[in-house]
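One chain, chain A, appears in both complexes that follow, with chain B as partner in the first and chain C in the second.
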Partner chain A sequence: MNFWEYLGNRHQQLLIDTYQHASVVFQCMVAATVIGVLIGVATYRSDWAGSMATTATSTLLTIPSLAMIGLLIPIVGLGVPPTVIALTLYGLLPIVRNSIVGLRGVDPALVDAATGIGMSRVARLARVELPLAWPPILTGIRVSTQMLMGIAAIAAYASGPGLGNLIFRGIASLGSSNALNQVLAGTLLIILLALLFDAGYVLIGRLTISRGIRA
Partner chain B sequence: MSASSRRRTPRERRPPGEHEAKGGLAFRDGDEDRNRDEHSGGDSGGGGAGKGAAGSVSSAADASRVTWRKLTLLPVVLIVLLFATWLWFTQADLDALSENALSDGQVTKALRQHVVLTVISTFFVLIIAIPLGILLTRPALRRAAPAAMAFANMGQATPAIGLLALLVIWLGIGRRAALIGMIAYAVLPVLSNTIAGLRANDPTLLEAARGIGMSPPGVLARVELPLAVPLILAGVRTALVLNVGTATLATFGGGGGLGVLITTGITSQRMPVLVLGSILTVALALLVDWLASLAELLLRPRGLEAGA
Partner chain C sequence: MPESPASASPGAPEAPGAATGSAGTTCATGTTSATGTTGATIELESLTKRYPGSPRPAVDNVDLEIRAGETVILVGPSGCGKSTTLKMINRLIEPSGGRIRIGGEDVTDMDPVRLRRRVGYAIQSSGLFPHMTVAQNIALVPKMLRWPAARVRARVEEMLDLVGLDPGEFHGRYPRRLSGGQQQRVGVARALAADPPVLLMDEPFGAVDPLTRDHLQDELIRLQHELRKTIVFVTHDFDEAIKLGDRIAVLRERSHIAQFDTPEAILTHPADDFVSGFVGAGAALKRLNLTRVRDVGITDCPTVTVDDPLQRIFDLLRSGGSHEILLLDRRRRPYKWLRRGDLMRAKGSLARAGTLVHDTVTRDATLRDALEAVLTDSSGRVAVTSGRGTYEGVVDVETLMNSVRELLEADRLEAMEAQHEREGHRAGRTHAEQEGAGGEADA
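Coming up: the complex of A and B.
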């Protein structure tokens, strides 16, 4: 069976796996973005808390994903829970870091001006600081998503959902005629998803980055 | 990203005398927040430099203090972690399967394999990525750099496990496939780090070096590379940390390493084996990162200290 026949025969299974992969990455990214930006907002004002958050997140990032999943399995079992927790945790890191960097990079004069025209703390954050910090945060989201695509594939070893299952099935049946097809389909579809998400973020950037700071 | 580089402009509007300090600040920041450049670099060509500069908003004095505190904190945490694991292990009752997976020095063997895989792959990553980075920033080849970076970004989207599996199918099971996969996976971030580092050099310094009659190799060896040392060291650290991580996947290609314990633990549902493998991997990753950050602090050129 060549690769194209394989794709034709299995397209239903492939579509399900692709959908699940995209869906788990997307949902974890939404969770990670919300939590990450909240952590950023909570910590960027204090030097100490900000560097704590950055240090903690980058320490977490050095932990290999397979080991993280391995540590989660005794606590939450196999399947979707360890996948979702691990993906959300890893997804947080670039977002926390970039929201702190972005929020701290906002010109203090602009914040002063916002205070001066009578904006409350919340309004200042929502209407001045976050829109100005949004481009680096969006970059963090893009970086996270790309990373999560790969980690989600590894999480399939702990019975997680998605395209990683194809790759691991291929590894388990090394030597069989379908091994290459499975691994190749899994890998290429993950790359394709990553590129599609990336294109999506470029579009989101176009639509959401405030016109005043767009280059 | 272009929007983000716009964001740097307030920082660049410095008093005329402070230009040298700018480079120092950006570098310092680059190695304090170690993994940022790796990831932003993967995202878009000049991204690493742009965000490094944006990040230097946090005070530089703070940066070194935090690094030193972290340097003393981490070994303590690691010792406590390993001691707790050891205590737990002397208590845990292991059944035959777990005993079997952990006996005969298999844990030490896995640990040694893991370290060897990491060291070898890091060595090759560095001798490939750094010269390539230097080549791609030379005027003659500078035009090839965007294409190379675009290719690198595509490569970053490739999942490590898929790459490894393809190599195993192509080259057969064994350490060679695992090593090639690890190297291919880590070359790209280090390459983009090196390129970003060399590009971030203050052009006026290069101009000055040329002005006092240095040849192009002289400028490279005595000005550009020393200035880029912090970012190159950050690249070394990135490579090490990435390789410790991908080395856990080597087990899927028959390459050994601590991943063996983790996968055995998962497939045979033996939590002690799984937890021991995971904790050792975590400890090794943190230790490697700690050693690399120590190296960054010690090897940083003295001239860059003065700026901050």
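Coming up: the complex of A and C.
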């Protein structure tokens, strides 16, 4: 069976895996974005807290993904929970770092002006600081997503959802007729998803970054 | 202009300590169409800022009373605390001690966010938010005060008109597509959008080129003439201070007020060496602008009219102590300078003899004008005329120099005297202010 026949025969299963892969990455990205930006907002004003947050998240990233999922299994069991936790944690670093850098990069004169015309702390954050820091934050989100696309494949090790299952199954049955097709299909679909997500981010950038600060 | 139900009584003084958010809008709803002063008094009372870890306060015991509708310039060398003082008025910097009263109301402890919505604030390089359009920037404060949308829209157009920008053209532009001068105008429009009684300006024209700055200053004078806000303006440029200020506070380090007076008084009677040093090397020249010809005393010079017989003119020139006589025309207006020998050379014809009078000054002219005329006229003196142009006397270079020297000397003596007086009064005055400051609120 060649690759194209394989795709034709298994398209149902492939679509489900692809959908699940995209879905888990998307949901973990939403969680990582919310948590990451919150950490950034909470820490950017203090040198100490900011570098703590960056160091902590980058330490997380150095843990091998297989080990991280392996360590989570005894705590939260198999399946979706370890996948979601691991992916969310890995997604944090670029978002936290870019949030802090972006928020710190806002011209102090503008912050002064915002306060001076009577904006409350929350209003200033929501209407001046975050919109101005949004381009670097969005870049962080993009980088995170690309990373999670690959890492999500490892989740199959903990019986998680997604295209990793194809790859693992293929590797486990190397030599059999469909092994290579499985690995190839899994890998290519992940790349395709990554490209689609990236295109999505370009569109989001167009829609959400003010024309006044777009490069 | 549609009026919201929440803003039923424009200009009504806000009750001190009113706790609801809607109360904050009442002060900001007075319209610019109202005639007379829309500003409010500002009183600073022993205002002090101490930063932790530094032994001396950054701002030390500042007392300042600013009248409603007045433009007061805080001027001083960099690092003297003038900006800090300004930022304490809207409590961008929280004072460590002292009181701030605006329009008689003590705002030292009120919610700073509400306070700032009632106080316009314009800063250097405009402080416009780059991700918002011009209209969005201007609409910020009115929106925060929950003006109805239609009123905000109308106000934005009105403000753009006010600062001389075409609403149709600039409404939807982003700040980066404006020139420095235009950005600064929008900055001022934003500061004034909610019609605050008080406007704080922190070196607003510091970052624009000199030509634009001059233009913006003229514009601000025009605006202020129209609006009569209370403006507190920080600059380190003394010439800017002279141009814009009704009164100028010259600050030395730690925001100590070296002198608080009208530009004229500061130029003519600098309180001490620090102020005269700050007024700068041009003080004598700037001083010339503030003194009139009538103050220096004009001298007489021999005159003849065109109708006098030639023999008399000859006699005068030959016998007189002066080298020159002034020839007047039939209506006694200065016509020509005649020197010894001029008539001989012209073979006795008055029409050809002498040099024409180019320039005359009136008694109301400033000494600077007089000096200008003297320097351009070859004779080293200038004829002084009445308003109708008839001869009254002359001023020459020597008189000018002597009187300027005397004036400066007198200024110095007077300043010393004034300083003694001030020092004597100071203790008593601070005491009196602390006792009775509450009584003179609200002009």
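Please note the rule applied: the second predicted complex is superposed on the first by the 215 of 215 C-alpha atoms of A that agree within 3 Å, B and C clash if a C-alpha of one lies under 4 Å from a C-alpha of the other, contacts with A are read in each partner's own complex, and residues count from 1 in each chain.
One rule holds in what follows: a contact is a pair of C-beta atoms (placed from the backbone, for glycine too) under 8 Å apart; a residue touches a chain by one contact, two chains touch by 3 or more.
Fair warning: this is a prediction, and the values are worked out from it, not measured in the lab.
Visitor: First (chain B), second (chain C), both or neither: which does A:Ala113 touch?
Guide: second
Visitor: On chain A, which partner's contacts cover more residues, chain B's or chain C's?
Guide: B
Visitor: With the two structures laid over each other on chain A, which partner does A:Pro131 touch: chain B (first), chain C (second), both, or neither?
Guide: After superposition on chain A, A:Pro131 lies in contact with chain C alone.
Visitor: Scan A:Ala179 for contacts with chain B and chain C and give back first, second, both or neither.
Guide: Only chain B is touched by A:Ala179; chain C is not.
Visitor: Pick one for A:Ile213: touches chain B only (first), chain C only (second), both, or neither.
Guide: Both chain B and chain C are touched by A:Ile213.
Visitor: If we overlay the two complexes on their shared chain A, which of chain B and chain C does A:Ala158 touch? Say first, second, both or neither.
Guide: A:Ala158 sits against chain B, while chain C stays out of touch.
Visitor: Tell me the contact category for A:Gly50 with respect to chain B and chain C: first, second, both or neither.
Guide: A:Gly50: touches chain B, not chain C.
Visitor: Is A:Gly79 touching the first partner chain B, the second partner chain C, both, or neither of them?
Guide: It touches nothing on chain B or chain C.
Visitor: Just which bits of chain A does chain B share with chain C as contact spots?
Guide: Common to the two interfaces on chain A: residues 132, 213.
Visitor: List the residues on chain A that touch chain C in their complex, please.
Guide: Going through chain A, the ones touching chain C are 109-110, 112-120, 123, 128, 131-132, 210-213.
Visitor: Going by the contact rule at the top, pick out the chain A residues touching chain B in the complex.
Guide: Within the complex, chain A contacts chain B at residues 47, 50-51, 54-55, 58-59, 61-68, 70-71, 73-74, 78, 93-94, 97-98, 101-102, 104-105, 107, 132, 135-136, 139, 142-143, 146-147, 149-150, 153-154, 157-158, 164, 167-168, 170-171, 174, 179-180, 183-184, 186-187, 190-191, 194-195, 198, 205, 209, 213-215.
Visitor: Can you name the residues of chain B that touch chain A in the complex?
Guide: Checking each residue of chain B against chain A gives 1-7, 10, 33-36, 39-40, 42-44, 47, 51, 54-55, 57-59, 62, 66, 70, 154, 156-163, 165-166, 168-169, 173, 241, 244-249, 252, 258-259, 262-263, 265-266, 271, 274-275, 277-279, 281-282, 285-286, 289.
Visitor: Okay, in this complex, where on chain C does chain A touch?
Guide: By the definition above, chain C touches chain A via 90, 92, 113-118, 121, 123-125, 127-133, 140-141, 144, 174-176, 190-191, 200.
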